[in-house]
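All chains are identified by letter, namely A, B, C, D and E, in their written order; residue positions are counted from 1 within each chain.
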C-alpha cells in the first residue's frame, strides 16, 4: 500500500514549459525510493511538486489517502510530508537549535522532546546547538536539514540531493542515517546525482528521463543491469 | 487607455475647467489667495486665509464693494515655487483675479512675481527677502513685512535698550538670515552693545542641542531667534533644557497662540515677541483681535487683514476690478491726508461718501514707498507669561 | 591555449578551488567532469572573470587574463555559457542573439542617434549571422519570443547561440545539454563537433557520460577543487580513483 | 483661460522632457534614480548663471546646463557603481539633497536661498505674456519632439539593446563582451543631461530658480509620470507627464465643489486625490498606461511579419 | 566645541531615529521592499499619541503604547488593503506605491487635524550635568524608551516563536514556507511591528519638538539613511546606522556651518556605501 501516490503529473515553472510530462511515482511505507536520471530530467521538480512549491497542471498526488495536489507548501507540511530542499535548506542566520525549532514549527507542543531526540540521533547537532547554521560544514548542514525534517515526525521525507557537495565520508554517514530512518518506520523519497550509492541504499529506483518515467524497479535489480549501468550510471 | 477613453477623459476635464466660468456670477468680485496650505509653510497659510475671510465676511455683510460682493479664490502654493507658479497661472489665467495675496516663502514670492506683473496683477506678501521688492515689478508688489534693514535696526535698538550687552543671533536658513545678522551687529555696536556670535541652521531638524550649546558657549545675555514655528519650538525647549536664563526675542509669527498651547509655560516665560504695528493701542490691531477672537493675533494675521483691506479699499477707490487700477489706487487710500480708518468696512463707507481715507493697518501704517516696501513702522513688543502674551510696549 | 596554474578561490574560508593546474590545447572538445561541488563551475567563473581568483594565474593565448573584467576576457574570444540559463528575460531571443554580436558601432551614442551607415551595415551583417545561428539551433520559430518564455532546453540552445555570435576562439559551456530533450542533445552534440572542427576550442562541463565519451577527445576530472586526472575518456573512466570519487562506488 | 492652458502645457512639456531623461536611466537601463532634481538643478543653475553673468545666448546656456548635468550624472554613476537598487535609491536621493544644500549655502555662486531671478526668456521683453507662453510652448514642444526622436533612436538601436540587457543582467552583459559599467555611465549621463536640459528650460521659462524648487517632491512627480505612463516607453513618459499635470491641475477645479471644507482641507483632498488616482492606476495597470513594446528592432529583419514595427524607430 | 558633548547629542538624536529605522528594516527583511509609508505612519503615531496625551490626558508611557498600537493597526490595514496587491508587480512599483500611500495618509491626517503645530502635555526638565556634559532628562527618557524598545524587539525576535518565525521568513522565505510557517501571518506581524515602531518613533520625535502632518516626512530621509547605512534587513545595523547619522551630523558642526548638517550625513552615507555597498551590517548579495 503506497503512502504517496503520484499519478500522471504534469507540471512546470511556466505555462508551455512543462518539466514533468506525466510522471507516476509511488512510495510505500518503510521504503526508500530513489529517483535518478540525467540533469534536467525533472527529478527535483518532482519533489518540489509533491511539496507544493509547484502546482501541477494535471494529474493527482495522494498522500495517506488524501489528495494534496495544489496545496500550499505549509499545508503540505502539515499533512506530514517533510521536504528537504537541495540548497538553502537551513536558516543560516539562526542557531542550530532555533533551526530545529523552526523545523518543528507546526508542532510546537512536542518541540523540546523532539529536539532532544533529534540531537540524540545526530550528536553533532547537540555539540553545535548554539552555533549559527551558516557556520556548519556542508555535511553538518545536511544533517541539520534532515534533523529539521524529523522535528515534525513526518510520515514521508523528501530529500533532494542530500549528498550534493559532501565529502564521501559525510555522504556515507548521511546515507547510513537515512537507512536508520527507514528502519525506524519512515517512508523516504530520495533524488540523487550520486546514483549508484543512492540505489545501493534504496529499495526501489525510478529513472526519469525528460520528465517521464523511463525505468523503475527494485534497486538491486537495476544496479545489476548492464545496459542501465552503461546508459545512466556512466559505468 | 484607448482613444475613446482618452477623449472622454479629456471632455470631463475640459468640462470641469469651464464650469467655474459658467457659474461665475458677474456681480461677484474674485480676489486671489495663494498661500501655503501644505508643505513647510502650512502652519501659517490657513491662519492668513482665515484672517482674510473674516474681513471679507464683514465687508460682504456691509454691502460689499462697488455694489458687488467679494469672493476669495484660495489656491495652495505647496510652499514650492514650481507648484506656486502653476497655481498663480490658474488664478490669473482662469479666475482673472486682479490681486493675489498671501505668498509666504520668499522663493515662492520671487517665482510668482513675474507671472503677476506680466499679467498686471497685484501681489501682496509677507516674504522677508529684501530682493523681492528689488525685482522689476512695476509697482505690482506690496510687501507688508518690514524690510530686513528696518526690522534689524528697530529690533537691535530694542534689545540694546533693555540692557543686553552680549547678543547671539540664531536664524533658520532664509534669504534674509545673513543680511539681518550684519545689520543687527552694526546697530548693536553703535548702541554700545555687541553681537557675540551667530549661526544659521537648517530647518526641519528634530533637535538643535549642539547649535544651542555653541550659542551658549558664547555666553550671551540675549538671544535673537529668527525662526519659524516648528524650529522655534525645538529651540525654545533646547534652550530651556540647557539652563539658559537670558533674554530671548522672536517674531510673533513664529510664536503664535497655537505654538504657545503646545509648550509648557515656564519654557516660554519671558520670551519677547515682536511684530510690526502702527500706533500705541492701534485700533486696527484690536479690531483684528476681536474679529479673530485671538488676543495674541500675530504678525501674519495682522498683515493678511491689511492686504485684503487695502485691496478692497483700492477697488472701491478706483471703481474697477483691474490690477493696474488697484496698484495705482493703493497709495491713495493707504497714505496721504485722508481720514484715518482702521478697517475695510469703515473705509469703504467713507469712500462711498466720496471722502478720502488713509488706512492704518494692524501691521503698521501701511505707507508704501515706490518699491512697494512699507516706509516706516513701529513694532509691538510683547512678552510671554504663563502661556499668554502681554504687551510690553510699542516703539 | 588556456593555461591555468595554481588557481585558488575561497568563499569565506571554504576552498572552492584549491590549486588548479591545467592546460587546454587548441582545438577539439575537452570534457570536464567531476562530482557536484568539485569546483567546475567556480573554475569557469574564475576563467571568465565573473569571480576574481584568490591566487594563481590564468593565461589565454599567452596573455594573463586573471584580473581582467569579464567583457575584456570575452573580447579576447573566450566566451562562456551558464549552467542555469542566465540572460535577458525581457529581451526577445533575436535581440539576445544580436546583443552578443561583436564590433557594434551602433552601441555608441552618436551612431545610435545618427543611425550611421556603419552601424546599420553591421546590424545587417549581424542579422544574417543571427538568423543562421537560429536556424542551426532550431530557434527560428521563437525568435520573437521573450527569453523568459522559452523552455529550459531552448534557453540552453540560446546560450550556445549567443556565444557563437561572438566567433569565439574558445567556448566554455556549462552543462549545455542539461534539460534538453534527447533528440536535440544529439543535434547539439553534432553542432558542437562542427563548431570544433571550424577551429573553436570547446570546454564542456557535462554529467552525461555517454555524451562525454562520444564528443570529447580529452577529459579533465575535477574533485575537491583540484584537477584529479586527465586523459582520454577510456583512460579516465578506467581510473579507480575517478570511479570512487565520481561514480560513487567507494567501497 | 487659454494662457493658463498654454502655460500648463509648457510645464507638462518640461515634465515630459524630464520623464524622457528618467526613462533612459530607469526605463531602459533599469537604474533607480531618486535624485533627478539634482540633475535638473545642475542644468538650471548652470544656464542661469552663464546667461546672466556672462550674457551668453540662451540656447548655448541650456546646452551648457545639459552638459554639466550630464557630467554630474557621470560622477554620480561612478560614485554609485557598486550599489544595487535600494542603496542606489537612497544615495541618489541624498545626492540631490546635497546639491540643494550646497546651492543654499554657496551664496557667491548661486545667490543662496534668495535664488536667481530675472533669468532671460526668449524675446520675453517684446511679447505679451500670452505670446510669450505660446512661443515658449513652441520651443518646449520642439525640444520635446527632438528629444523624443533621439530617445526613440536610442531605444531602437544597438545601444538601447545593450541598455535593456544591462537592466536584466549586467553580469551576462559583461560576458557578452560589453563593459556594463561604461554603459551604466552612459545611461546615467544621457538621462541626467536630458533632465538638466529640462531644468534649463524651466529656469528660462519662469525666469526664477532657487534651491526650494529642487525638492524631492518634484522627483516624485516625474517618477510617477513615468510609472503611470509606462516605464520603458518614451511615449509613456510623455503621456504620463501630461496625465500628472492633468491630475494636479484638474483637481483644482473639482475640489471647490465639495461643500463644508476649509481651504486647507481642500488642499489635503487634492493631494489625497492625486495619491488615490496613482494607486488605482498602478493597481490595475502595473506596466503603465502605455506598456513597453515587446521588442525594439533596429532595422527590419528580412522575412518577418513584424518588419513594420521598426517604423516606430524613425 | 566639546567633542564629547557633540557625541552625546548625536547619540540622543540617533537613538530616536533608531526606532523607526528598526521598524523599516524589520519590514524590509520580511516584505523585501523599502516601505516609504513609514513617514506617514510616524505622523499617524505622533497624532494618535497626541490625542491620547493631550485630549484624553493619558501620561506619556501609555500614550506611547497607544501611538504604537494605532500606527501599527493602520500599517497592518493599509498594507493588507493597498500595498499587498502591488507586491507581485515588483519591488520598485511597490516602493513607489508606498510613496503614494504616504502622501495620501499625510493628507488624511491634515484633513482631520489641520496644519497647526501641536505639542504634548509634558513637563520639561532642565539638563543635568554629568562629567561636564549636559544631558536632558527628557532625552535620557527617550534614550531609555529607545533602549527598552530595542530590547523588546530583540527579545521578540530571539525568544518568541513568532519572532523566530519572522527571522526564519527573513532568512529564507521558501524554506519557511516549506516548514509550515504561514508567510501571510508573518507579513502582517511585520507590518504591524514595523509601522508601530514608526509611530512610536514619530511620537518620540514629537516629544522633543512638536507635531504636524509633516512630522514623519521631515524625518523620512534620515530614517532611510540609517537603515540603509546599517544594511537593509539588519536590526543591529539600523541601530548602528542611526547612531552614525546622529553623530556624524553633530560632529559636522566642528568643521562646517550648521546649515550643512544634512549634507554631511549624506556624504557620510556615500562614503560608507562606497566602501561597503551592502551597508555596515548587511550581508553581501550572492
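FYI, a contact is a pair of C-beta atoms (placed from the backbone, for glycine too) under 8 Å apart; a residue touches a chain by one contact, two chains touch by 3 or more.
Being a predicted model, the structure only gives us computed values, none of them experimental.
Return the chains common to the contact lists of subunit C and subunit E.
Looking at subunit E and subunit C together, the chains touching each of them are A, D.
Centre to centre, using CA atoms, which chain is the farthest one from subunit A?
Between subunit A and every other chain, the largest centroid distance is to B.
Tell me, please, which chain's centre (mean of its C-alpha atoms) is farthest from the centre of subunit E?
Most remote chain from subunit E, centroid-wise, comes out as C.
Could you put a whole-Å number on the gap between the CA centroids of subunit C and subunit D?
Centre separation, subunit C to subunit D: 41 Å.
With chain centres taken as the means of their Cα atoms, state the distance from subunit B to subunit E in Å.
Roughly 36 Å, centre to centre.
For subunit A and subunit C, what's the span in angstrom between their mean Cα positions?
31
Need the CA-centroid distance for the pair subunit A / subunit E, whole Å please.
Once rounded, the distance between the two centres reads 42 Å.
Specify, in ascending order, the residues of subunit B that touch 2 or more different other chains.
If we look for residues of subunit B contacting two or more partner chains, we find 37-38, 42, 45-46, 173, 202.
Spell out, as numbers or ranges, the residues of subunit E touching 2 or more other chains.
Residues 107, 110, 114-115, 257, 259-260, 262 of subunit E touch two or more partner chains.
By the touch definition up top, name every chain pair that qualifies.
A-C, A-E, B-D, B-E, C-D, D-E
Using the touch definition from the top, list the residues of subunit E that touch subunit B in their complex.
Residues in contact with subunit B: 1-2, 5-6, 9, 12-13, 16, 107, 110, 114-120, 122-127, 134, 136, 138-139, 205, 208-210, 212-214, 218-219, 250, 253, 257-262.
Could you please specify the touching residues of subunit C with respect to subunit D in the complex?
Residue positions touching the partner: 48-50, 69-72, 74-75, 79-80, 82, 86-92, 94-96, 98-102, 104-109, 111-113, 115, 119-120, 123-124, 127, 131, 143-144, 146, 162, 166.
If we count contacts the way the header does, which residues on subunit A are in touch with subunit E in the complex?
For this pair, the touching residues of subunit A are 51, 53, 72-74, 77-78, 83, 85, 88-94, 98, 101-103, 105-106, 108, 148, 152.
Touching residues of subunit D toward subunit E in the complex: what are they?
32, 79-80, 82-87, 89-91, 93-95, 97-98, 101-102, 104-105, 216, 220, 223-224, 227, 262, 264-265, 267-269, 271-272, 274-276, 278-279, 282-283, 286
Which of the residues in subunit D end up touching subunit C in this complex?
Answer in residue numbers: 150, 153-154, 157-162, 164-165, 167-169, 171-180, 183, 186, 190, 294-296, 298-299, 301-302, 304, 306.
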